[in-house]
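Here it is, the structure in full.
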Amino acid sequence: MPDSAISRSDLREFYEDVAACLDAEALADFPAFFTEDAKYQVISRENYDDGLEHAPIFCLGRAMIEDRITATVEAALYQPRSLRHFISGVRVVEAGADEVRTEANFLIVESLIEQEPQILMVGRYLDRVVREEGALRFRERTCVYDNYRIRTTLVIPV
Amino acid sequence: MTSTLLRNSTDRVWPAEGVTRVPAWIYSDPEIYAKELKVFHYGKTWNYVGLDCEVPEPNSFKRSWVGERPVIVTRDAAGEIHVVENRCAHRGSLLCWKNRGQAKDLTCPYHHWSYNLKGDLMGLPFLRGAQGKGGMPRDFDKSKNGLTKLRTAVRGGSIWATYSDDVPPLEEYLGPEILMRLDRLVSRRPLRLLGYSRQLVESNWKLYWENSRDPYHATLMHPFLSTFGILRTDGDYHSVPLQEGRHEYTYSHYDPELKNRSTEASKQIKSIRSDLEMKDKDVVTSVVDEFKDGMMGAFQVFPTILVQQYFNCLVVRHVIPKGVGAHELSWTYFGYEGDDARVNELRLKQSNLVGPAGFVSLEDSEVLSLMQPVVESCPDSVQVLEMGGHGTEAQATMMTETLIRAFYDFYRREMDL
Amino acid sequence: MTSTLLRNSTDRVWPAEGVTRVPAWIYSDPEIYAKELKVFHYGKTWNYVGLDCEVPEPNSFKRSWVGERPVIVTRDAAGEIHVVENRCAHRGSLLCWKNRGQAKDLTCPYHHWSYNLKGDLMGLPFLRGAQGKGGMPRDFDKSKNGLTKLRTAVRGGSIWATYSDDVPPLEEYLGPEILMRLDRLVSRRPLRLLGYSRQLVESNWKLYWENSRDPYHATLMHPFLSTFGILRTDGDYHSVPLQEGRHEYTYSHYDPELKNRSTEASKQIKSIRSDLEMKDKDVVTSVVDEFKDGMMGAFQVFPTILVQQYFNCLVVRHVIPKGVGAHELSWTYFGYEGDDARVNELRLKQSNLVGPAGFVSLEDSEVLSLMQPVVESCPDSVQVLEMGGHGTEAQATMMTETLIRAFYDFYRREMDL
Amino acid sequence: MPDSAISRSDLREFYEDVAACLDAEALADFPAFFTEDAKYQVISRENYDDGLEHAPIFCLGRAMIEDRITATVEAALYQPRSLRHFISGVRVVEAGADEVRTEANFLIVESLIEQEPQILMVGRYLDRVVREEGALRFRERTCVYDNYRIRTTLVIPV
Amino acid sequence: MTSTLLRNSTDRVWPAEGVTRVPAWIYSDPEIYAKELKVFHYGKTWNYVGLDCEVPEPNSFKRSWVGERPVIVTRDAAGEIHVVENRCAHRGSLLCWKNRGQAKDLTCPYHHWSYNLKGDLMGLPFLRGAQGKGGMPRDFDKSKNGLTKLRTAVRGGSIWATYSDDVPPLEEYLGPEILMRLDRLVSRRPLRLLGYSRQLVESNWKLYWENSRDPYHATLMHPFLSTFGILRTDGDYHSVPLQEGRHEYTYSHYDPELKNRSTEASKQIKSIRSDLEMKDKDVVTSVVDEFKDGMMGAFQVFPTILVQQYFNCLVVRHVIPKGVGAHELSWTYFGYEGDDARVNELRLKQSNLVGPAGFVSLEDSEVLSLMQPVVESCPDSVQVLEMGGHGTEAQATMMTETLIRAFYDFYRREMDL
Amino acid sequence: MPDSAISRSDLREFYEDVAACLDAEALADFPAFFTEDAKYQVISRENYDDGLEHAPIFCLGRAMIEDRITATVEAALYQPRSLRHFISGVRVVEAGADEVRTEANFLIVESLIEQEPQILMVGRYLDRVVREEGALRFRERTCVYDNYRIRTTLVIPV
């Protein structure tokens, strides 16, 4: 295939690298995974299935993603936590001319002081990925979480 | 938790100082909690259950809660709103399993008893049996076997329910100040539902109730507010208790210059950082002053909701108790029919401010969930409420706990504590 | 949950209507639950604990439960069956950690006290100490320090245990009708174990107990039954309470033509769809009528089991309480020694009908687990039991709740409620 | 390798596609992943290790798989749920002439209304996979679940 | 669990046999548990809270627990140690969210009240309000609104705290025998922190407390001990209760020849296997006898710790109750300043012996977590404690339960049972 | 790339094979995944982040790994359990001349008799992998678990 093409294993590695960035709380590196006009949102399945637009995390453009990182790192207070992403089923649902529509399952396990580890979030990534300056980037990343409620707080992006 | 089990009513003595002190056992004692549900949520109060835009057309429904009890909010074919318990009159099965939807009637999954959207029992399989066998007795009266109906009231786009026949009409219960603020947000134009955020907070519901009556913490615990000039302790601010503490409201006027001003008070806040900027200003500035009054505010209607507005982000926080040590925060974001694309985008963008991941709200659930084990392990410890003095009057400042004192003044009377 | 904590015995008044009403607090009150265990499972009842094919050879054992207490069912070297508590007589450690297996004796992991399969203490390390130091006192009597032995009875392939010396012999406790039905399934030929399905249902055990006495729900909530012609409300059916409501049985004759017949009653069932077919008919038809009586039925032996037969699928449902708000359903599927390959295949295929994933049973756990929070939040609500009248007599129909009324008639007497 | 051969990454993608079908509740597409004579069962480790044949889901032949789908879609009642599969360790344990014996771990996380997300099932796939009409198919899929009990209900295949 | 709820104080009668019997309800009754916390952890006892090497420099802190209450151990700028509740004096928020760290003061996240490391309130935002509005009343006395300070004592490298003014000084509370053993490990040289292992054991804390007073189980349940010659029932061993059962110690002299000797007693232990060898002997032999006394031993200081030494592995087991049915085991491993690389390596290697994955400790949490459901389901069952007779005196053997009898002798007096 | 080189997919398969060995409790085969001088430890994130050396499982050299297996198999008592590893995000963080430094996330789900399945451990592998005698082996494997406490017991290596 042409080296511009995006293989399933390229995508898996891309997804894993993004997750590793978040697990390491290297938040400053997160916006670089997105195109400048990217949409990034974390939305409940309840809203998504019902066509409701509200999302607890809603970013139009990389600038808003950068703003959220700034707010989280510089102007937020939260207890120490460890998050681990587990990603399964990365696959291409539609390969377009300049972008591929991809999906995967995510599971985020959270560990807090004095608590047993627990599932923070579980759901699907519904994404549009492009190759830009030789690297893969999200033109859109929609994280649809299945869990009915968010336990306590959502601080780190999904 | 167990440490409260030994307690008996005689141990439950409020500290002599009165409303300037709160004993920690009210946050962990299961009997206090059970009494709160009985006296408040199932007693002489009006409980918020939803917005009319959640049941937009005739023959639609949504699930909600009054205290721990599941209810269904319906809009019947005639467009009328009803609130009934989500519990089948036959054997008590959960009747409605979906969050929201369309339906002409409510049919129970267990034995298919079916009810109209008013809650009247319309039919049941084999009412008269078959082949001369089985069926209900001749004297079975369908009209006496409907769903439990709650007394319902609608104000603008807001829907309310109560188990009490004695509680005064909603308008009277809310009072003029709340009515004015509620109408400003939900009665002038038809509402449009933007969506929900649901959050589980593992703390007693009153810790959240206090927190949302606590301007003192706002600029300190939510550094975002001052850092990006949305609200500052030295800004214009009003803290107003209502009806001997039952409800309350707070408000301030948005001041675009606030961020750049340095004052005696701002110097006292360690967490202010003036060097930070948001790249997308839409989230932190008033772009469209849709109410033409420059006001930003919030108000509480006991015992269920806090309604808050930040710029164009309009949201109802519904506090749903889930046992003595937890509550659900159900956030309903709304706009108005005919919002243009720009205003809609502003609402969605500004929703980043408040909710489970909100820039100015995420600290609350962090602090409160860590606080619950502390109050459980120290039931005899007391909270000190002296900021802004010992009184319960309205004050024109954020540096006060008057709203919390007023609440416990009310609470003690109602709970007889 | 907490809402029941405030209750005291005087609040626990059964509705005046009697057995046609059931108050919801019996499903959530921890004291009622504790009393049930004491009066029923640990009292004058025979508890099912297993089948002899689960301990097929001499020197074998399996774990089971009586109420919340863990027990061990053993078959000793002489082939005799015993039931003992799975609790070491020394310091109370769980003795046996495996579900099932072979063993000549039971040795405790903690200090290696060892018991024979009857439960007698055979030996313990350092009984006499060593080098003249330590050990048990001279007067220590091994014969007084064995495992707690339960009174045991075996009927055909079924094994039973009780803590009571007063309860009548098993045969008398079961009575002729149950004996006849039990023998039909477990006494004519040696049993063969097919396997287990274990299910956790987060509802009070009585919600399941009622459900399995409730023919009214069967064809309505389990659309599969009528859709594929296994059972229909207008079919021949008998609902028979026994011993003032203690036990019960139901049965019908399988009618291969049922599926294609349309009647007054079948029209009342929305959920029937006549257009659907199974591609593999083995699952939904009587291929081998092994009992030569065309009967399909079920019976309940209080307080532990429901035994049910669908065609060649034979299964015991063991209801094991796990706290006031949950129970385990332990399904044991069996056949007979010498089953030919075809019959064995039929049993395995037809097991798709009943169990945690059963076509005609999966709805039960869905409905009941959603019902428990409802009864907990509304402890003062009541269930209405009037289908088939107000009585507790046997009825020749599915359109009746007589079996449930009969049960609560019995329950109230035993529980003194 | 001959293009008939089945690589480990082919298998991983096959497993992920099957899981995606179930997570999407696209049950009608499920039988097509099996050969006509396929055996499909979901069985507890307790029974499997003990040589007991009973399985809560037991299908001999694709027809029975189709029947289960029909029963689930057309004649079953269950509360709305979201299931997500997480698959790890897909590998070939034996490569035969016309089929490969494969194994993998599965984790299924269930989200229900008003509940926190929880582990519904965890265990191993023990499969026999063949290439048929150019596609991979199961000649046998045995899902051995470790969990002692099934919480509430097992509705959607594993 | 629920089965204990029916109990009332009159049911709580200790078996007539006295200390040779222990009733199971003490492990599951929430009121007994609540009373234990009140009488023991919050009463007249000294609670271990940590080691000084955990707060090595001035201006450092670590979190700990006294009973269920969170506390903070601090070392102030002057190097002095303090213990305060981890609960803000204002509204009760958890003050310190980190396990360990450096800090000049403690600032609460909720409203930024700040305390020095002694627990004194140093400042709070808007104490005097701003622009003449808000702030605390003139009569607000900072000195009366500090953190709850616990009485603190330091012995060598160990840190202790109590809520009691009446409990005698630490040295007196510990007594000469414990002091000698404690000093041997923590007072001769400055300590160095190696790290923690934290373990959640789902059993009542007393099951662990007994277990660590139970030499009888050691060589039987931990086959590793005898198999690799670390400890054997026929070795030299001393079991010594102190202060009428409050504390205790045990010790033995390590005997490198033990492994190869076969005796009357060793023959009684099924689990000994003489054919096994460790490839790396560092873990199972005394390479460096750093105390020059060949002793290996353990001692218990009621109600919080067991201190144990295996060769060069030095560890404090902190037992932290977490509700009636669970406890945390917090293992703190330490060495000494100036340990050479070889000794440090030995400590790390030998840590494989004890901890959540320890060769000679992992069985304890397995057995106890399986035991808790048993004692909960059989609250009226009794444990039998007759190994080594009926007395509570010191004995020179492992084949005795004298230490446990002595403990319950003490327990009954303190708990008035 | 030279066949001596270690690709990301080689590593993923290696990680999965090691996990499969543990899940199958084929403990005797475990030491062979390590070089003779290997370091293997299971350490809490609390200790690791704080530079504290203590680890609940601490093995210097393959001999100590073999000793732990011997002790676990021959001289330990524990209740029957089923463990399943779920591994995500295997990646190379540094490729050296003779070894690669690699990382991955692990999730271990434990199933016990009479219990619901639960998360036993969650965290990161921080490893140094070499190719030896044609096979991949760990020169160092450090398992850093996030969970604040170990629930009940840690018996089987991570």
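For reference, chains read A, B, C, D, E and F in written order, and residue numbers begin at 1 within each chain.
Assume a contact is a pair of C-beta atoms (placed from the backbone, for glycine too) under 8 Å apart; a residue touches a chain by one contact, two chains touch by 3 or more.
In this text, all values refer to a predicted model and were calculated from it rather than measured experimentally.
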In contact with chain E and chain F alike are the chains A, C
Of C-D and C-F, whichever chain pair has more C-beta contact pairs
C-D
Starting from the mean Cα coordinates of chain B and chain D, work out the distance between those two points in Å.
44
So the centre of each chain is just the mean of its C-alpha atoms; given that, what is the distance between chain A and chain F in Å?
27
So, what's the distance in Å between the C-alpha centres of chain B and chain A?
30
Mind pulling the residue numbers of chain B that touch at least two other chains?
97, 99, 109, 200, 221, 271, 363, 366-367, 370, 373
Residues of chain A that touch two or more other chains: which are they?
9, 77, 79, 86, 88, 107, 113-114, 116, 118-119, 148-149, 151
If each protein chain is taken as a node and each touching pair as an edge, is the resulting graph a line, ring, star, complete or other?
other
Mind listing each pair of touching chains for me?
A-B, A-D, A-E, A-F, B-C, B-D, B-E, C-D, C-E, C-F, D-F, E-F
For a test of understanding, state which residues of chain D touch chain C in their complex under the given definition.
42-44, 46-47, 50, 52-61, 63-64, 66-68, 70-71, 74-79, 114, 148-155
Residue ranges of chain C touching chain B (in the complex, touch as defined)
1-3, 5-6, 24, 210, 216-217, 220-221, 233-234, 263-265, 268-271, 363, 366-367, 370-371, 373-378, 381, 383-390, 395-400
Touching chain F in the complex: which residues of chain C?
97-99, 109, 200
Can you list the residues on chain F that touch chain D in the complex?
9, 13, 16-17, 19-20, 23, 82, 84-88, 107, 109, 111-119
Of all residues in chain F, which touch chain C in the complex?
77, 79-80, 113, 116
